[in-house]
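Given below, in the form of C-alpha cells, are the structures.
Each of the next two complexes has subunit A plus one other chain: subunit B in the first, subunit C in the second.
Moving on, here comes the complex of A and B:
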C-alpha cells in the first residue's frame, strides 16, 4: 500500500515540476469553460429557457461538466500505450507491484490535483460572476449522484485502458485515442445535455456507454432522473463496466503473450 | 530575393514531402486521424443544426451564416495545422539538443522550426470546409467580388496571426522547454471562433477581438464577405496581423539568445 501512496505523491511532484505546462493546462480548462458558458448565456438571453432547461439548470449543467470532467477525464493511462510501444512495460512487469494498481494510483494523484484546482477556479468564478445555480438538497439524490460518479470513474478508467492496450497490436494507438476522445467528449454530453438532441440521435447516444461518464450523473444531480430510469441506468452502466472489464482483461492477456519488449 | 524565394520553396516542398511520407507510412493511423477529424466536423455541424432548430437565429445570424463562420474557422484552423505542424514537435528538438542542427543549416532555423513538416492529414478537412463555404455562400446570397477579395485578404491576415502565435510558442519553448499545453491553449482559444465572436457578451467579446485576436482571425473574414465590416476595421485587422508578426519575431530573436543547447 505504501508503494501506491508514493506513486500518488510522485505524480503530484511530477505535476508541480513542469509548472508552466500545468498552468497552461489549467488555462485550457478555463478557456473551454468560458467559451461554453458564454455561448449558452447568449442563447439563454433569447428566452427564459432553452430545450426545456431553465437558466439555473443549464448553468449548473455547464459548471457541472467542468467539475466532473476534471474528475472523470483526467488520467495518466495515456502512458500505457507508450509503455507498450517503447518496451518500457517490461520495467513495470518485473516490479513487485500491480501494473494497473500503479496507474490507478497515478490517476488518483492526477485527479486530486485537478479537483483541487478546479474547485479553486470555480470559487473565483462564483465570486466574479455570481452564477445562478441549482443546488440539490435531497440527500438520497446526492448519494445517487455520488454513486453514478464513482461508476463513471470506473468506466472511464476501463475505457482508457482498453484504448491504450490496443498498442499491443498497432503503433497507431494515438490515432485510436484521438478518435476515442473526439467521439467520447461529444457523446458523453460535454458540449450540451444529450436530451437536446432530436430522435434518433438521442436514442443512438443513449445506447452507448459514454453518457454514463457525464450526462447521466449530472441528470441525477439535477433531479431529472425518475427512480426507474435511475435504477435501469445504474444497472446498464454496471453491465457496461463488467463487459468492458472482461474484454479489457481478455485483450490484456492476449496482448501480453504477444508482447516482445520491442524497443528495449 | 527571387533566388531566396525559390530556395525556401524548394526546401519547404522537400520537407513537406518527407513529412507526408512519414504521416502516410501507417495507413491505418492516417485513416483514423482523418476519420476522427471528419467525425468532429460533422458532430459540430449537427450541434449548429440542433441549435438553429430551437433559436432560429443566433445573435441575428441565420443557419447558413453560422455554417459559413464554422467553415471559415475550420479553414483558418486547418491552414495553421497544414503548414505549421512542426511546431508541435519542437520541444523534442530543444530538450534533446537536436535544435543545434537547425542552427547549423544554411537556412533560417525559424523557417525550419515552423514549416519543417506540414500535416497532410488535414487536407480532407480543408477540402470539406471549402465545399461547405461554397454551399453556405450560395445560400447567403448578395456576395460581391470585392467581398470575396476582402475575405481572402483577411484569411491571409488570419494566417499571419496564427504564424505569430506559433512563433511565440516556439520562443516560449526555448525559454521554458515547456510547450505542449501552450499550443493547446492557442488551439482552445481559436476554437472559441467556431461561432462569430459577436455572440459572446462583454468582456469576452472585447478580449477575443483586441487582446487575443480570435475575432480578427475567424470572424472578420466572414463578416467582410457578408459586407458588414468597415474599411477602418479591415485596416485595423491587417495592422494587428503585421504588428503581431513583428512582436513575435523580436521575441524569437530574444529567445534564441537564451538557448543553451542542453542535452546535445
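Moving on, here comes the complex of A and C:
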C-alpha cells in the first residue's frame, strides 16, 4: 500500500515540477468552458428555457460538465500505450507492483490536482459572473450522484486502459485514442445534454456506455432521474463495467503474450 | 527582380518536393493515415451536428439566422482544413524540434528557417475536412437560395487567404515563445482549443468583458468575414479590417521569430 501512496505523491510532485504545462492544460479547459458557456447564454437569451431546460438547470449542467470532466477524464493511462510501444512496460512487469494498481494510483494523484484547480477556477468564475445555479439539497439524491460518479470513474478507467492496450497490435495508439476521445466526448453529453436529441438518436445514445460517464450522474444531480430509471441505470452501468473489464483482461493476457519489448 | 523571381521558383520547387515526400510518408504509415482520417471526419461531423441541434430552437443569434450559422460552421471547417493541411502538424512538432535541439538541422539548411519549419509536414487527412466543410457551405448556400456572384467569390477567396494568414501568424507568434520556454510542450493543445472560439460570432463573447472581447476580436474575424462575403454582406471597405490584420500580424510574427532566434541556444545551451 505504501508503494501506491508513494506513486500518488510522485505524480503530484511531477505536476508541480511541470507547472506551466499543467497550467496550459487547465487554460485549455477554461477556454472550452468559456466558449460553451457564452454560446448557451446567448441561446438562453431567446426565452426562459431551451429544450425544456431552465436557465439555472442548463448553467448547472454546463458547469457540472466542467467539474465532472476534470474528475472523470483526467488520467495518466495515456502512458500505457507509450510503455508498450517503447518497451518500457518491461520495467514495470519485473517490479513487485501491480501495473494497473500503479496507474490507478497515478490517476488518483492526477485527479486530485485537477479537482483542486477546477474548484479554484469555478470559485473565480462564481465571483466574476455570479451564475444562477441549481443546488441539490436532497441527501439521498446527492448520495446517488456520488455513487454514479464513482461508477463513472471505474468505467472511464477501464475504457482508457482498453484503448491504450491496443498498442500491443497497433503502433498508432495516439490515433485510436483521439478517435475514442472525440466519440466519447460527444456521446457522454459533454457538448449538450443528451435528451436534447430527437428520440431515435437519444435511444441509441442511451444504449452506449458513454452516457454513464457524464450525462447520467448529472441528471441524477439535477433530480431528473426517477427511482426506477436510477436503479436500472446503475445496474446497466455496473454490467458495462464488468463486461468491459473482462474484455480488457482478455485482451491484456493476449497482448502480453505477443509483447516483444523492442530493443530491450 | 529577376533574383526574387528565381528565389520564388526555388521555394516552389522545395515545396513541391515536400508535398511529394509527404505522400510517400502517407503510404508508409497507412494505419496512422486511416486513424487520423476517421478522427477528423468524426470531429468535423460532430461539430456540424451539434451546431444543427443548437440552432434548431432559435430564430436568430445576434442577427444570424440558423441557416447562416450553419454556413458559419461550414466555413469554419473549410478554413481550418486549409490551416491544418498546410501548417498545424508542423506546429505540433515545433516544441520537440526546439526542445531537443533539432532546430539546428533547419538552421543549417540554405533556405529560410521559418518557411521550412512551417512546411515540413503536410496534413493530407484534412482533405476530408475540406470536403465536409465545402459540402456544408454548398448545401446551405443552395438551401438559402443565395447565388454566388463573381464579386462575392473573389471577396471570399481573399478573405479566406487573410484568415489563414491571421491564424498562422497567431500560432507562430505564440509558439515562438517556445524558444524561451522550451518545456511548455502542450502550448499547441491550448491553441487548438482557441481555434474553436472562431466558429461563433464575436458578439457572444461580449459577456466576458471588453478586454477579452477585443483580444478575441481578430480571431473571430477569421470565420465571420468570409461567411459574410458568401452572404454578400461584405463591402470592400469592410474587407480592409481582416486584410489589415492579416498583413499586420504576418509582419509581426516574422519579426518576432527573427528576433527570438537570437536566443536559441540549441540542446546543449
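Quick note on the criterion: the second predicted complex is superposed on the first by the 263 of 264 C-alpha atoms of A that agree within 3 Å, B and C clash if a C-alpha of one lies under 4 Å from a C-alpha of the other, contacts with A are read in each partner's own complex, and residues count from 1 in each chain.
Keep this in mind: contacts are C-beta pairs under 8 Å (C-beta built on N, C-alpha and C of every residue); 3 or more make two chains touch, one makes a residue touch a chain.
Only a predicted model underlies this, so the values are computations on that prediction, with no experimental measurement involved.
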| item | value |
| --- | --- |
| Room on subunit A for both subunit B and subunit C (clash or fit) | clash |
| Touching partner for A:28 - first (subunit B), second (subunit C), both, neither | both |
| Which of subunit B and subunit C A:196 touches, first, second, both or neither | both |
| Partner chain(s) touched by A:261 [first = subunit B, second = subunit C, both, neither] | neither |
| First, second, both or neither for A:129, with subunit B first and subunit C second | second |
| First (subunit B), second (subunit C), both or neither touched by A:183 | both |
| Contact residues of subunit A, present in both the subunit B and the subunit C interface | 18, 20-21, 24-25, 27-28, 31-32, 34-35, 38-39, 41-43, 46, 50-51, 170-172, 175-176, 178-179, 182-183, 186, 191-192, 196-197 |
| Touch list for subunit B against partner subunit A, complex | 26, 28-30, 32-33, 35-37, 39-40, 43, 46-47, 50-51, 53-55, 58-59, 172, 176, 178-182, 184-185, 188-189, 191-192, 195, 199-201, 204 |
| Residues of subunit A defined as touching subunit B within the complex | 18, 20-22, 24-25, 27-28, 31-32, 34-35, 38-39, 41-43, 46, 50-51, 170-172, 174-176, 178-179, 182-183, 186, 191-192, 196-198, 201 |
| Partner subunit C, residues of subunit A touching it in the complex | 18, 20-21, 24-25, 27-28, 31-32, 34-35, 38-39, 41-43, 46, 50-51, 129, 170-172, 175-176, 178-179, 182-183, 186, 191-192, 196-197 |
| Touch list for subunit C against partner subunit A, complex | 29, 31-32, 34-36, 38-39, 42-43, 46, 50, 53-54, 57-59, 61-62, 181, 183-187, 189-190, 192-194, 196-197, 200, 203-205, 207-208 |
